[in-house]
Amino acid sequence: MTVPTDSATCAIQVHNIHKSFGDLPVLKGISFQAQQGDVLSIIGASGSGKSTLLRCINHLVVPDQGEIHIGQDVLRSHAKRDGTMVSSDPKRLEKVRARLGMVFQNFNLWSHRTVLQNVIEGPIQVKKIAKAQASEYALHLLDKVGLAHKATAYPSELSGGQQQRVAIARALAMDPEVMLFDEPTSALDPEMVGEVLRVIRQLAEEGRTMILVTHEMQFAREVSNHAIFMHNGLCEEAGTPAALFDHPQSTRLQQFLQPLA
Amino acid sequence: MTVPTDSATCAIQVHNIHKSFGDLPVLKGISFQAQQGDVLSIIGASGSGKSTLLRCINHLVVPDQGEIHIGQDVLRSHAKRDGTMVSSDPKRLEKVRARLGMVFQNFNLWSHRTVLQNVIEGPIQVKKIAKAQASEYALHLLDKVGLAHKATAYPSELSGGQQQRVAIARALAMDPEVMLFDEPTSALDPEMVGEVLRVIRQLAEEGRTMILVTHEMQFAREVSNHAIFMHNGLCEEAGTPAALFDHPQSTRLQQFLQPLA
Amino acid sequence: MMSWDEFSYTIGVLWKGFGLTLYIGLWGIALSLLLGVGLALMRLSNQRVLRAVAFSYSTAFRGTPLLVQLFLLYYGVGMISWVKQVPFLWWLFSDGTRTAILAIALNSGAYVGEVFRGGFQAVPKGQIEAAQAIGMSAWQCFKRVRLPLAIRQALPAYSNEIVIAIKGTSLASTIAVLELTGYARRIMSQNYAIVETFVIAGLLYLAINFSLLAVIHLIERQLHLKASS
Amino acid sequence: MLETLLRILNDGWGWMFLRGAAMTLFISVLGMALGVLIGVTGASIKLNGPRWLSGLVSVYTTITRSIPELLIIYLLFFGSIHSVSQLGDFLQLEELINRWFPAAVGILAIGLVAGSYSVEVFRGALQAIPTGQIEAAKAIGMSRWQRLWRVVIPQMTWFALPGCNNVWQTALKDTALIALVGLVEIMRAAQLGAAAMREPLAMYLIAGFLFFIIGIGSQALFVIAEKYAGRGMRAVA
Amino acid sequence: ATSYKIGTEGGYPPWSMVDAAGNVTGFDADVGAALCKKLDADCQFVVQAFDSLIPSLSANRFDLIISGMSYTPERAKRINFSLPYAVEDAIFILKADTPAIKADSAESIYTDLAGKTIGVQGGTTHGAFLAKVAPKVNIKDYETLDQMQIDLDSGRLDGTFADLTSQSRFLKQMNTTDYALTETVIKGSSDPETLGYGIAVGIHKDNADLKARVDAALCELIEDGTIKSASEKWFDIDIANYDACK
């Protein structure tokens, strides 16, 4: 995982990311990389910076230091005169973001658009796909997550799990090379979790790369081929899920997994 | 569970609750009751109406039909002339709500108040407890969920799991007779889940009643002494968690639990 | 009270000013909307200079009466000799109607800017992040997410600025533009039926504003989204 | 120019302007307070009240906002002047009423106008509060009043402040219209001064300056208020 | 002695001004003071915006209006007027090279002005008069004389039409040879229906008794030269109406 590999197949590379909120250092130099078709799980205690890391990857949170490589593109940041960090190449950033799908921890569905409109918005506006075609694909995705019948509902009329599934469909609709999932199954029942598992596996087979923050170790174990344990703003331990979960090395990880034993 | 019992110890009784959103019937006549010290888990597919049911109990969603008994108090509803349902006795409702704690699925922390202020708001305003005393208890609770160091942060500065833990502390601070938890561990890591489990057990020992919506069967099994499986707006199956999870009777429940097998 | 003849005569005269009031008002409103949205974005931009410029503008233009601004533009700028040399400027300032439109646009724009700033501020950050995350450009994000959500919050308060702009056109009569109020004054000086004439003029303003508020109401209904989550 | 200004201020007009500024502030502050009260009440009625009442509020806001402010003052003043002076005769309070009637009309007029604008400002602000925030307050058993004071008003304030600022600035200017009822506020002081001293330009400059000072002062207060009300709300995600 | 409250505008020099201490001065003040002396009454001025003088009088907020107010039939429907104790002639200011400057009859001025833009003060009788006698003139109404005069200065107007007194004062201030007063003065008496019957004291409709006493007192003031001296003090000319009591 952190072993350098042929960069041709390297889908994403995160290099020495630092981020503080005010005085609070959250990320203190995180690096990792993932190949095409990799599914990488990020685990760690609540508040350990997993969401922040994910949001640094597409520069929704601009890192204080460090680089992100997505395929051939590099995202860098620099400080403005007043000290706030900004993305160095906003035009490129937009292009890169269109290739990165993201499912937010709190979904962030657009409240002024129906479910279907939420899903086709990106394909139509950013990828300039014809509306009919985008809608067809969107309905297919909504059907997959069991929500075709809610296509005309507004987000506020959905249950928590339904919102989460729309968020997943919305990210998939962009047909991204790399998917960033922030706890994508937190509001889902076991059946739906199984469905999401299947979708992720299928995407991986298609050669897409996935980075996944999750609290469900069982899910992480089944879906991913690599895992990272975050602690104190650093990558405390990394390896295959089996290695991590069955033979944790650091005492912190042992303690973290304790309740499951 | 649905067996009638001595009403003296019956902490909560839900009687034939119906609720539709527009044309969509969500609850079609749900009844159950729980004794003091009971922990009742509600499981069911995403969108099956679990949150709606929980919100009906404290009349955040006013049922179209049915009654809620909390101790000696009864909550009823009636239709206004324009057809919208309203709670029949708003004054009593306020009193009852003060005895019902609730953790929302999407937390609903007050964004204009700090973490500590969120927790002491209810005790001070509703229960008229002195500020010093309320703060002391609040800090104790925050410490219990590992957030004493975030007491002065605003909700927007918290991670998802941190927000959820504040929401739990806020509900506990009211010292309620009955607790309504809507997926209280969805954003929590295994360690924190274990902590919440401990808290719930302790509350049950104190004689408090808990109603718990969850997608984590393992958690439901460990924490609760009764479980309900909701399907199609009805209570499809009820019993002890062991009976429900190990020997599901209905085919729908069998199918629901399938992915875990 | 007025006789019927006096009444219909009054209406007839006032009607002559009605069109001009509408003309000044609608142009003023259209221009102030553009200016206002621009100012709101400047105030929220992360460019300090833009913020300061917009803040000073809004303080200055809201801090002084429209009448003063109108006088400064009409009598003040109109007196500067080189303004008469520049054809476009003299085209603008030689004519009371055009100067009045300009004054209303500049003044109302400052207010509209504040209203929309409030609207943009109320857009939840997550909604914008979701747009950024799929690679929308700043303009697309503005058009598709920020503006629709901001309008929804700002529309009620914006309707205030519309009616104020329409009423503001009455000041054009002070630079001798004969709109509704101008004619009303003229009639009052003839018949001294001050209250009656004034009420009739008021009703004509009411008619314009009522129609504009109805349009706003329709837009609001159209945009009315199901309760936000 | 400076000489002229000094002469004007020395001649007692300085005091006149100060009294005018005090009158402007007196009428506009009380009028605005009344307006905010009307605004919050009206907005809640429009959003949650019974249909007939919210219809009444709509009629009020539409009419009051649509007709010129001067007409409102006119109608209020001359519409009530007869009955009020009769009432004064009857109660033998002529002096008192003669003295305070104009100010009362001024405050009422400014309040009604500011109120009609405020209703819309607060309506937009109320709609912007996420429903979950209020549900959380209901769920712990807060009463209607507690919800209003503890959740609705603090959150609404943040959304409403820019619009309120506009209403205030407008109300401040509108006080110039109360000269009609015989009150000497800043603009009327300038007009009288211009006539007496034959220095219109200087007089109106002083008036503009006073307005601007009040405008900037209140602007500063609004900036502080927004900072305060925005705690935690600024980055609501 | 009885006491009267007198309504006056206060912001209209040189007719009616207030100083910083609140004392009313000007032609109106002098007439008012003299009138009260004749009536053997204590008088107190109430300063109020011109537009609200008539309604306030109707509502008994004061007893008399002395505020350079012209007696017109329309106003007379609402309040009583005393005898017109003063009359004012009107005059045009025009470009000095306009033939109308030298015209020897009012009519030839009007024909000459066709198509020209003339400023008048809104709310006065001059606008209505001009619209009637010279319909082809383009009339612009101004809120105050000052504004009208500034606009003439800035070249937006071909001329102005107003009181003889204010026009001559203004021309003096302008200090220019580009503009001049017409040689022909428009007599106030030429069309009293429109131009007004002259300046009069306003009295409440129901108070016929007071009107009689004010009329009598004004006649005495015209006769004994009080009006004349006040007029010359403030306007440099005599505008007393010697026909009023005949």
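The first chain written gets the first letter, and so on, giving A, B, C, D and E; residue counts start at 1 in each chain.
The rule is short, and it goes like this: a residue touches a chain if its C-beta (ideal position, glycine included) is under 8 Å from a C-beta of that chain, and two chains touch if they have at least 3 such contacts.
Here the structure is a predicted model, which means the values were calculated and not measured.
On a Cα centroid basis, the chain most remote from chain D in this structure is A.
The largest tally of C-beta contacts between two chains is found for C-D. With each centre defined as the average position of its C-alpha atoms, the distance from chain C to chain D rounds to 20 Å. Look at where the CA atoms of chain C average out and do the same for chain E: the two points lie 37 Å apart.
Separation between the centroids of chain A and chain B, computed from CA atoms only, is 30 Å.
In terms of their C-alpha centroids, the spacing between chain A and chain E amounts to 83 Å. Annotation for chain B: residues 106, 157 touch two or more other chains. Chain C has residues 126, 129, 152, 195, 227-229 in contact with two or more other chains. Within chain D, contacts with two or more other chains are made by residues 78, 130-132, 158, 234-237. Within the complex formed with chain E, the chain C residues making contact are 71, 75, 78-79, 94, 173-176, 178, 182, 185-186, 188-195.
Residues 58, 60, 80, 82, 84, 90, 94-102, 104, 106, 108-112, 121-122, 125-126, 154-157, 163, 170, 174 of chain A touch chain C in their complex. Remark: chain D residues 62-63, 65-71, 74-75, 78, 117, 120-121, 123-125, 127-128, 130-132, 158-163, 165-167, 169-170, 173, 176, 187, 204, 208, 211-212, 215-216, 219, 234-237 touch chain C in the complex. Those residues of chain B that touch chain A in the shared complex are 21, 43-47, 51-52, 105-106, 157-162, 164-165, 183, 186-194, 215, 217, 255-260. For chain C in complex with chain A, the touching residues are 46, 48, 126-127, 129-138, 140, 144-145, 148-149, 152, 223, 225-229.
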